[in-house]
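One chain, subunit A, links the two complexes that follow: it is found with subunit B in the first and with subunit C in the second.
Right after this comes the complex of A and B.
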């Protein structure tokens, strides 16, 4: 808690263009807070400083900007009434799930009321034969998979953190399994959304969970990735997948970054249905080996995972081994038992903390560009050169199967000069990706820091269309202001 | 050892992720409509038995569960994980409340003799009562050696080497089979059961006693 309070005083803010400073500094009127209490009950409204601080930041480096009040609605009717109340009084609304976002999406740049939706944590409907489930915002990814473990189904989108599923839908999350199972965009069938004025919208129709449809405009797609700027997601219908019969994890070290990425491209071109294919550069491997006590070499490495039947796995592993060896790989090893696989993937998931451990006392910032796979070797090599030139400490870890990689940069939050170099590097990287027909954010979202890059990415007409949609759904501009646009 | 058969006892308990609520009349906890699943330590025991079968050290894995008709769901999960047969010892719901380790141990002892198994595997304890008695009592009734809190299990000829987690650290015992072993947390990480409805012709026979 002490570090949270210190954070507001000492972290400099990113001087990104278009960044909104707090316009309204005032607290909410007492009768407004009373009105909030009347809807959800006193225990579910808070204006305590510590609670506000906790809800004013996520896992990113953006400084804490607390809201003026936090409410915990217990059901969708309360969400609707609270939204209407706030909208009527011109008070900004900020949805909050698990607070595990990476782009400052919950920072209350204009104050307002933070809607912590985690008390709504039921799994509303599970349809195993239809491979679908309806969840409320308080249900996290791990909680859902635990619930499903006896059914032979699972939800594969795995962004690393134990995030709220509705939050994942709001930010357009992805993860290590996307190369085979898709991102959250491909796995949301329907959303229940409370619009800013309080109306309840079912984006694909109430209670519907079909696999495909050609009916009308794709409202589900509109809200996925909208980062809370168009409405509050109060339930999501998700597509489930059959759990694989068997799983094998493998690691493979390469003499160079180019060789590793070439292998990835060849593996995908050979139509090997690899479930996970992750790249770690030698700096990242060094950090992971030290942090997780792995028995691997310090070299650019691919972490792979294969799902399928026993026979299919043998074939997949064999094919992959041939391809990687043709690209000069050494040290191909694989793990079949669940404990060994968990250990391997825990090391990968702990990459963030392993990187932070490289420079204790520093904060981490992750870039998130995504380019067509054919341009991946080019941008990775360029990024490593840029890293050296900028003098920043950084590691590279990526979902290379999607052409998406993260550069984890470690900076001293008190060093404004270093922060400046970080901003320049991140911007340059974003622009490099855009130049290669890619996107500035593959899975983290735009949030606070990438709004300028979004404009460059979609162009003037694109941005104008988005602004018009936003103006139509949220004319007063009160839904999570300062984000995305 | 290809003739070795394993009996695995599985218990149906309230799912570990469920928030337990006490009944208003304070006579117990609410179980109606609450999600139940296989006891996590029993899952570990089933996983170990199935791994032994995959290594061709065990010929047949028989799962057994005592309780009301819903226990069949738990047995189905064991079959979906790789057990060959399931035995449901049916106990009417009213009496099932009073079913405890002593009664279950008697049943398991009888079944172990009847099915001529060489290895009885159980979870070390159930997460609803935390008794940690059934395995030990079963061994007592059978007069078989026991290796409890196993974190590693290796078959060596006609003996089973069990590394046990005890208060002072780790203890290794060698038991002459037939023997009883109870599984602790670090024995293995259980697999997810395969999608059961798509299984075509798995021999999942039922026996009612």
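Right after this comes the complex of A and C.
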């Protein structure tokens, strides 16, 4: 779903977020900016208003909060020196990758220096026999997969957006392939991190890229999903996978949400190694059919994809057809050719634009939750009722194999009352997920928008433990302040 | 390999470990023991010498260091009250599961109270549709799989020993199935942890068992593999998998270590979803052939297992044969029937006894390292040379699909000079793994024996970060003292 937000315009203001009352620290002194320039060179520092504006928001509706300066370090040594400089002067540090986040993770709520890491875009090492690669923070997932062409390997984690891989690690991203290949969390082997004071940490030891270890505390896992609040990720060692020999996709319509979810559970129980299994509700399907000219029914629908050998695919397809038919599926359609497949997934990835077309002139807002898969029918039905009761226009789409789904809501950004309803709805959705033993975010992160929900999710001892972690690694509270906690 | 150590006798003393010089704290006062009894009831506290001795060692050769008392809490409330009591009085706390660890993790190096958690042996919740289960620390992996019979589900992480699942989480265990199903780290969804002072933490929030999340810092990952040094795991929510529809196993001999490892890499690159791929060197094979009457060649050998539908197995088997033959394999033997299979894996699991039989009257010592898979041939060849140079008798066996292997060394416990050579060899093996970008332990943990190697592995900043974590969660240093750091 994250993918859907690639082209979301960012709102100039979004009044219902609570952090707005925080007072910004003063602008940086000229001496300090000179010191930044001394580290990276003048062309790699900017305090131009337009540049600051560009770096003050992601693709969410959180209002733009520009930093006081943007720096483009060229290597890890510069990141380290810049971090030490900022930390020593009490200046907030905000890491910035592609800016494709969805929870306001790059907003400079206290000003400070934005570290734009896109100039560090080398693939530092590729170890095909070990199924691993080391990338700098400017390398995006598409750039990596382009680089891997011809090696027989690929990196499957796909949040939709062409996000930077280190940014994905920072956010704890996942996407459509997670049901088979895991999330970014499962695919990070090692991280190089510049700690707030400038120290360099290799979470699994410098240069290491083993597949498993029982050596000491799991520092890699601690930094994955920390949203830039504990340090700056300056390189990631990632796990690669064999590229699928063959691929086949399908759509499959159901009489009810329950039938679609039951099919998903049965497919997983049958150990069919489905690569993607995406759910779209009938409102989303209606929008996609109209927008992408799909030949599908207006009904709760699964989009599926299978990877394997030709022979294995035949069996996966057959089993899936049996399972879905036993659950009342109709309008089953296989896309075996590459062109058909890409049309199908283009339609899925264009769901965001299809939703926008439901209410021209409005803006889109996406939120995500994740629940145990058995609770999906319940929360989807509740959510559709909540949507109706709220009077909002919205669609549902998600990674049903993980129990993870998204609401795309269409709102008039000038209508304060409607924004209030949107806020209430999003909060209610998060609480419904929590009540069903789920989480308030499966893949978008906490950022600015879900801090209250995080407290409710992990409880007082959990939050206190997280606060202690933050205080331990960032005693001055300068690493991406105001996020997560 | 862990499995192989199930029946290892523990040595009364093992002189070459460095921690022995630490002075034990005094025995507990009678008032304090009475206070323990007040919490759990008299029958659930013991200070009998035999009981203390039983709890002062695991299955490794680290010398027995008994606690001052053993308690058997019946529920998490009692664990919490006991922890608060001990912590308040400055008394060390040592969690104890099945005692099947391999790095001295339960040795009471400063005395204190051993928390034997085996009376808490309930399966608290089973959610078949969500592929999850919640277990107390007394539940072993075999008990869980017995409980799961008939559900179509199983828990695949198999270190060999019938370890407690929470103990496996504490150690970061894995075993023969990790190449396909991941390690325990990949299969823990949530942990209930009693922190040193008695506070109760649910690492992913109370009762939550979603499949993925991007909500806040990864506390679950922090406690997995922390070896009881940060808190007591009192319940684990685990991910379950569909039980394989069909299974087939095989052995396959090679002209060289390189050919066996190349085959492994090619099998993984071909995306054959191998469930187990175990390497045994020719010394280990010779021992197994003699001990278990196997009809195999004395040569570097792979033991393989495949899971899937009947049809999928045919293809997996065919591809694997092609790959291994292309790499010069000979004496390829499939075990399709359950009886043949169990005979094969019994031989694999009896490798420990087979090794012991190589040098009757001696004791076995097992160590484990993990390297990038491409470096396996190099380290295996080096290790065999080191073995020869050291004059020690040893065999090599391991989870080659993960790059993880073990040396089983046979030594005379009365021969101080030989023990010295053993120490030097084990240390050299760890350093060789580190030099090849690997880790000093893939699955046994750091415990007492590998603390120096951990420092070399993660470097000064890594160790300092780990020390800070320890100090943050256990400021008095009473949780399983002397381990990991």
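Rule of thumb we're sticking to: the second predicted complex is superposed on the first by the 463 of 485 C-alpha atoms of A that agree within 3 Å, B and C clash if a C-alpha of one lies under 4 Å from a C-alpha of the other, contacts with A are read in each partner's own complex, and residues count from 1 in each chain.
Please note the rule applied: contacts are C-beta pairs under 8 Å (C-beta built on N, C-alpha and C of every residue); 3 or more make two chains touch, one makes a residue touch a chain.
What you see is a predicted model, and the numbers here were worked out from it, not measured in a lab.
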Message = Per the contact definition in the header, classify A:483: touching subunit B only (first), subunit C only (second), both, or neither.
response = neither
Inquiry  = Quick one: is A:186 in contact with subunit B, with subunit C, with both, or with neither? Answer first, second, both or neither.
reply    = second
Inquiry  = For A:150 in the superposed arrangement: first (subunit B), second (subunit C), both or neither?
reply    = first
Task = Tell me which of subunit B and subunit C touches more residues of subunit A.
result = C
Message = Contacts for A:384 in the overlay, against subunit B (first) and subunit C (second): which applies, first, second, both or neither?
response = neither
Ask   = Looking at the overlay, what does A:173 touch: subunit B (first), subunit C (second), both, or neither?
value = second
Inquiry  = Per the contact definition in the header, classify A:337: touching subunit B only (first), subunit C only (second), both, or neither.
reply    = first
Request  = Once the structures are superposed on A, label A:242 by its partner contacts, choosing first (subunit B), second (subunit C), both or neither.
outcome  = both
Remark   = Dual-contact residues of subunit A, meaning touching subunit B and subunit C, are 129, 152-153, 242, 245
Remark   = So, in the complex, the side of subunit C touching subunit A is made of residues 127, 129-132, 152-153, 171-174, 178, 182-183, 185-186, 195, 199-219, 221-222, 224-226, 230, 241-242, 244-245, 265, 268-271, 273, 308-309, 311-312, 315, 319, 370-374, 402-404, 434, 437-446, 450, 453-454, 457-459, 461-462, 465-466, 468-470, 472-473, 484-485
Ask   = Of all residues in subunit B, which touch subunit A in the complex?
value = 15, 17, 35, 37-38, 77, 80, 188-198
Key: Of all residues in subunit A, those that touch subunit B in their complex   = 129, 143, 146-147, 149-154, 242-243, 245, 337-339, 342
